[in-house]
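Next come two complexes built around subunit A: one with subunit B, the other with subunit C.
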Partner chain A sequence: MLVLVLAHLLVAVALPFVAVRAMRLAFALAALPPAAALAWTLVHIGPVLRGREVVETLAWAPRIDLEIALRLDPLALAMTLLVSGVGALVLLYSRYYFGRDSPDGKRSAPLLLAFAGVMLGLVLADDLITLYVFWELTTICSFLLVGQAGISRESRRSALQALLVTTLGGLVMLLGFIVLGESAGTYRVSELVANPPRGAGVGVAAVLILVGAFTKSAQLPFHNWLPAAMVAPTPISAYLHAASMVKAGVFLVARLTPVFVGVTHWWVLTAVFGVTTMIVGGWRALHEYDLKKLLAYGTVSQLGFLMVLLGTGTRTAAVAGDSMLLAHGLFKAALFLVVGIVDHQAGTRDIRELSGLWKRLPWVAATATVAVVSMAGLPPAVGFLGKEAAFEAFLHGGLGSTVIEAGLLLGSVFTVAYSARLLWGAFADKPRQTTTEAIAAGAGLVLPAAVPAVAGIVLGVAYPITDDLSSAYADTYGTGADPYHLALWHGLNLPLLFSAIALAGGVALHAARERVTNLRARLPKPFTAQRAYERIMALLERTAVGVTGRIQVGSLPTYLGIILITVLVVPGSVLLTRASLPDAVPVWHRLLQIPLAVVILIAIAGVVRARRRLTAVVLVGVIGYGIGGLFIVDGGPDLALAQFLVETLTMVAFVFVLRRLPARFVQSEPAPGLRVPKVVIAVAGGVFMAVAALLFSSARQAPPTASRYYIAHAEEGAGATNVVNAIIVDFRALDTVGEIAVLAVAATGVASLVLATRYQRRRRRGPGRSGSAAKPTDRTTADDHDSRREEARE
Partner chain B sequence: MTERDHRPEPAAEDSDSWTEWDVPAERWLLSGYCRDQRERTVLLELAARIVFPTVIVFSLYLLFAGHDHPGGGFSGGLVAGQAFVLRHLAGGRLDDSSTLSMRPPVLIGVGLTIAVLTGFAPLLFGEVVLESDIYKFTLPVLGQIKLVTNLFLDIGVYLLLLGVVLDLLRTLGSGIEANAAAARREQS
Partner chain C sequence: MTTVNLTMAIVLGGLYSAGFYLLMQRSLMRILLGIVIIGHGANLMLQLAGGPPGRPAMVGEAAPENMADPFPQAMALTAIVITFALTTFLLALAYRSWVLLGHDEVQDDVEDRRIRRMERRLAESEDDTESEATQ
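After this line comes the complex of A and B, so read on.
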């Protein structure tokens, strides 16, 4: 399995080189790894359903118990079929969707394939940390695919919104994973399912993980990133934002529901948020004119539905959830691809502009109809099986179940209504409108859409197969006395009645669409989630600007003062209260220390009195050399060498800079009152350092054990008789690497600062007036929010 | 190419040629560039010419001797850097990049890469990160050589430090000089 995931990623790395020369070939190549994954999965269906799961582990950091664990179990099987099957189809479809030289295509081919790979890893993951890594990788792929070239502002901010919302959820989820893993003592999902942990931590983990699942699967109130992400090219929307990535949250809930069966708020939260999302998403879909937006809100609604089913934790609900997972992936992918064809061939996907398209694109219309049958939950599609099972799951229960059932029924009415709206809007003849012109679609575009649509019907007709697939997952919850089985005909019962009500209600709602839209216009405008997101982002930006403006005042004395005061307040106060001065402090060890100290003291007095900068720098250098001399006297040649060298270099750097500064210290103090505080802070800082040095050096009573170890092992461990060097390059080599990394960063920072001033001068002399580009960032974000608000009002 | 090729045209036989007869004509620096004649000190140029190779050799000694004597990559790199500082002081802003065609940021990156790779290399042999190993072997003339793998970490540090100093010369040295020159041009 790991090989399959890696194959995706490796081919993705090689793909850009192919895409530059032959894009169609690149997409064809890209379809191979998902096809291979699909074939591999199909081969394993039989064994897995008979209970022989495929497990692979790779311990990649055994010291900290990190391993990549993959496992193909019934739930992963369903998701893998979806991810790989739809992935291969979408890549084949993209071959004809993107123009021959489209830069979007060149960018998307490797990214889509990489996404297919990490998504495969995500659904197969059996380890929470592995799952999290793949989870975030899908987020990054989604960001890149939605943002594309980043030329249009809409794509930039949509990509950013998707990234921010899902990453926020992901981080919270990681916290939940850690709480869960630590309280259970294992991060393996299969072990967690086998022995669900108990305790207060588990309840907290449940909430944290749900936040991640809700953001990824676009549940209320995080749902808005999904419709916004529809700016991406349609194949990407079809794959990421309908069939696979947004399913990750639902999938995670399905994975962990067996773990959280004992936690009440797990199913309460999924039910409340799921039902609300289903209804709100369906309601919004009823009013969209953009076919893609309509489908996006439909997806939000369906994800809510799945959330309810998979979070409940009963066998019947799980059967319904698993079959709906398959059904939704199939029909939604097909419909997105259909909308892509309509957009591609007719040049628009606005319902108000399309009319009579079924005459121009008959096969596309047929495909759409087949897919809509599944979406609306009509027999004989697999969507019907799932919906029947869902109604059955909440039929027998208390008040909560009844409320959920009512919510699902209302959601289903909306689903039927927007299904009808989609079909009618895209293809039907509309009064007072001429037939839209469209170019006939080739088989390369229609076939990838038709395959999942037909598969939805096949899985419905061949319901025993679907039942086997779903039951294998649902049996985790125990089979019970009379397990539910998917079937097209259960006899005349309540679920069938509910299906009929949903159909009739939906058709009626669609017939009355103009009145419904008028009704919505009269309703008071609620505070939308999009508005909340914008407010929060604007607030964040304002806070950041405010904080930066107050902290980064641009005055070196202020920075120095803040640093010194912090040192004085934090460690200084501790020093005052805790420490006591040592009794006997030896004044000197060796006679040579006295002249050195005298030289240093004279130099210090000179620095304080110096009027010229150069004098001050030279005297500071003298102090440094004096300290180096003290190191020699005390027997630290390595230290002294470094001290001398650094001191020299510092002086050189100072002299370089001094060339651009006035020769003398200027006394342009605006307020003479500042002089006294400055002196106080400086003196206090110096005293603190002196006292601290004295206290710290006298705190040690015995030779430290670490030093003894280093001295004893320098020769055999590090091959060095110079113990200082042994410490630097061997015992504490990690520190060394870290320090030189810091040095590299600092040098690069200084270099860019100095070179930037040069660049600015060049720019100023150039023809462009700098005034017009003064505050590009501020203006862009403000515009962003304005136009976003416009959109929300629509 | 010798410095003689860069000998300026012999001073024209004009009225103030007698004031120029003692202007130094030899160029003592490898780059062949020297400061304006008023800023130039031949003594420093000559000193840089003679001392530079010695200092570099000394820095290499420090690098390799570090295992058993004072020194190491840090000191070695700084010493090598200061050899370049000397050249910069003598030769001015065009001198630092002429002999070393590697740009300072690249040098910094190379040093860091070597250090990090040295850290990870033991993983290939099934050991833990940053583990070091000692090899002893005998060469015909040099006698017994002790090679400790963590020497490569030191080499990385050496190169990085050298790069940092060169970067300092490039930005604070030449950069500020160029800034000042540009500012003067702008004013005039």
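After this line comes the complex of A and C, so read on.
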């Protein structure tokens, strides 16, 4: 199985090179991997239905228990047939749909194939994390396929909406997966189904996972991305947004319902959202003039229907759900391809512009009729089998079941009505309209549409096969005493009556279409989900701008202040709450430390208040010498020497630059409102560092082993009695090399900065008068020599 | 047992306070002085954290147990030299800034402000088109 998935992806990678030269060949090649997957699945139908499931695992990151697990079980089987079968057909269809040099076609061929591959991985996944990875990959493929070249604003917007909504759901779902996996101790779906976990975490996981399923399968209130995604070329809509990707949500529900069968809100939520989606989607479809939009809302409606069936967790509902899953994939793919042909041959897909097309495209009209039979739930199509089973599933039960049953019936009325609207709108003769001109469609376009349409009828007539397929999945819920079996004739019973009501009601609704349209115009316009999405996006953008504007003000002092505050708040609060001050803190170790400390503190106070640059620099020098003094007191003569030397050099360098700068700091004094916070933050930072120093140094136990080693081996190892020198030039000589490199880099930087100035001046003044301008440069270069000398000393 | 005594802790607190305060100023020269002072503080802290005062670490002149820990000293020595390199580089930058701009003040990042304004404008125009699209 992994090989099949990889084959899709590898061919997809190679495909762009073929597509550039011969696009039709590229689509033919692209159809091969899905066709292979289909053949492989067909071979395995028998064994899988007899209970011999195919399992493959590949350790991915064994140390953190990550593995790729694939499993072909009855549910995966149904989905694979759909994904690979429809995939191959759509790719063949695309061969004729896209023009020979269409850039969209060149882009779509590899993407569609890659999508088929990841979708195959998604339906085969037996591991929640594997499933999630494939799930997000389908989202990315969808984004690229909807967005296409991204030239039109509408396609960009639609692609972004699809991406944002489904990724949001995907992330929430990942959270749910983790909660579920952690509370069960396993991420393997088959193990979860075998041993459903219990506990509060499972209930939370159920809701989180449903958010993912609802967004992907376009349930209310997340449904709007799906009709918007119809800007994509029709083959893509047919495959992604009707037959396969949007099924991922209902597929996930079907997968996990056995796990959540004990969680009440799982089926309540799926039922409530599913029924609402089915009715609202059907109602919206009744008013669309664009055939594709009509089908899109029809898809939304059908996905709601599937959500109800697959989320309920009873055997009969599961039989209905599984067969409807197949039925919907087949008829919806066929109908989308038909609409694509109409659009392609007649140049429009607006109901108001099409008339009498059945005369021009008789085969297309016949295909559409066959598919619509299944969509409307009429015998002998598989859609009829599924709908009968669905009515049966909620027939015996409490109030909840009755409400669901009524909802499904209303939804079915709408389904019949929009099915009629589709056929009528696309092909019928309309009064006061001339027959639309259309070019006859070739077999290359019609056949891929006809195959799934006819398959819908075949699966209906050969209902024992469909029953075997669906029952194999539904038996997860236990067979019971008298299991329901799909059949075209169950006798005169309520489900048959409901089917008749749906048909009659739908036809009547279609006949009264003008009144229905008027009714809708008179209804108050509800707050649409699209509006909500747009408002949320606008709010998000405004918040982002606000936050960026406040944080990214462009002022260096503010940034430093924020960083310091973070240091104070995060580690500082830990310091305050968790650490205890050491018991005995000596006031001094050597008496000399006190006068030196006083000198340093006075100098510090002076630096902060200094107005003249030179004063400040001299005072900093005083601090440096003071610290050198402390080093001597501490017993570090080498350190003190380095400190005195460097301090002197720094002073010299400062004085060279100060010669050029004004005597006083030119800075405009900060506003009084800002000065106090700065002082507070700075002092708090200083106190924090002092306390940290007290605490950290008390962690020291004894001279570290490294130091003892250096002392013991200085004489024999480095030939030096001065241990500090031995460390610098011998034991840790590499550190010193690094240090010299830093000095060299800094010297280069200084030289280039200063030389740039000299060069500019010379150019400005002309070559003859460069003498005085060169002066400061020479000195700063001398300063560089100083730093080199410093290196030499080391 | 802490190796930093109270006096030294106060010195450290003072050094870091002054350093932080100068760092938050706008004059590049003062920022530079702040960095120098913080550097002093860091070097001092490194040395102090290495243990209580002792005899210089010269083999043969003091018993090893009376010596000041030589390892932090070597570290601090390296740090001192690198601080010096940093200081001279920043000094050159301040000088260059003065030559080019006539002052050594750190201005607000114009680019940040411009991006902010641009984002504002974009957000407003998005709002407009969206409300048009929904109508």
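Convention: the second predicted complex is superposed on the first by the 572 of 794 C-alpha atoms of A that agree within 3 Å, B and C clash if a C-alpha of one lies under 4 Å from a C-alpha of the other, contacts with A are read in each partner's own complex, and residues count from 1 in each chain.
Note that in this section a contact is a pair of C-beta atoms (placed from the backbone, for glycine too) under 8 Å apart; a residue touches a chain by one contact, two chains touch by 3 or more.
The model shown is predicted, which means the values in this text are computed figures rather than measured ones.
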**Message:** Under the stated touch criterion, which partner chain does A:Gly719 make contact with: subunit B (first), subunit C (second), both, or neither?
**Reply:** first
**Request:** For A:Gly549, decide between first (touching subunit B), second (touching subunit C), both and neither.
**Result:** second
**Message:** Of the two partners subunit B and subunit C, which one touches more residues belonging to subunit A?
**Reply:** C
**Asked** Taking the superposition as given, does A:Val646 touch the first partner, subunit B, the second, subunit C, both, or neither?
**Response** both
**Message:** Contacts for A:Val750 in the overlay, against subunit B (first) and subunit C (second): which applies, first, second, both or neither?
**Reply:** both
**Which superposed partner A:Arg612 touches (first subunit B, second subunit C, both, neither)** = neither
**Asked** Should A:His589 be classified as contacting the first partner (subunit B), the second (subunit C), both, or neither?
**Response** second
**Request:** Once the structures are superposed on A, label A:Arg520 by its partner contacts, choosing first (subunit B), second (subunit C), both or neither.
**Result:** neither
**Request:** Return first, second, both or neither, reflecting whether A:Arg664 touches subunit B, subunit C, both chains, or no partner chain.
**Result:** neither
**Message:** By the touch definition at the top of the document, which applies to A:Arg198: first (subunit B), second (subunit C), both, or neither?
**Reply:** neither
**Prompt:** Both subunit B and subunit C contact which residues of subunit A?
**Reply:** 637-638, 642, 646, 649, 653, 657, 660, 721-722, 724, 728, 736, 743, 747, 750, 754, 757
**Asked** Once bound in the complex, which stretches of subunit A touch subunit B?
**Response** 63, 637-638, 641-642, 645-646, 648-649, 652-653, 656-657, 659-660, 717-722, 724-726, 728-730, 733-734, 736-737, 740-741, 743-744, 747-748, 750-751, 754-755, 757-758, 761, 765
**Message:** Which stretch or stretches of subunit B touch subunit A in the complex?
**Reply:** 62, 66-75, 78-79, 81-82, 85, 89, 104-105, 108-109, 111-112, 115-116, 119, 128-130, 132, 134, 146, 148, 150-151, 153-154, 156-157, 160-161, 163-165, 167-168, 170-173, 175-180, 182, 186
**Message:** Using the touch definition from the top, list the residues of subunit C that touch subunit A in their complex.
**Reply:** 1-27, 29-30, 33, 36-37, 40-41, 43-45, 47-61, 64, 67-71, 73-74, 76-78, 80-89, 91-96, 98-99, 103-106, 108-113, 115-116, 119-120, 123, 126-127, 130, 133-134
**subunit C-facing residues of subunit A, complex** = 530-531, 534, 537-538, 541-542, 544-545, 548-549, 552-557, 560-561, 564, 582, 584-590, 593-594, 597, 600-601, 604, 607-608, 613, 616-617, 620, 623-624, 627, 630-631, 633-639, 642-643, 646, 649-650, 653-654, 657, 660-661, 665-668, 670, 678-679, 681-683, 685-687, 689-691, 693-698, 700, 703-704, 706-708, 710-712, 714-715, 721-724, 727-728, 732, 735-736, 739, 742-743, 745-747, 749-750, 753-754, 756-757, 760, 780, 783, 787, 790, 794
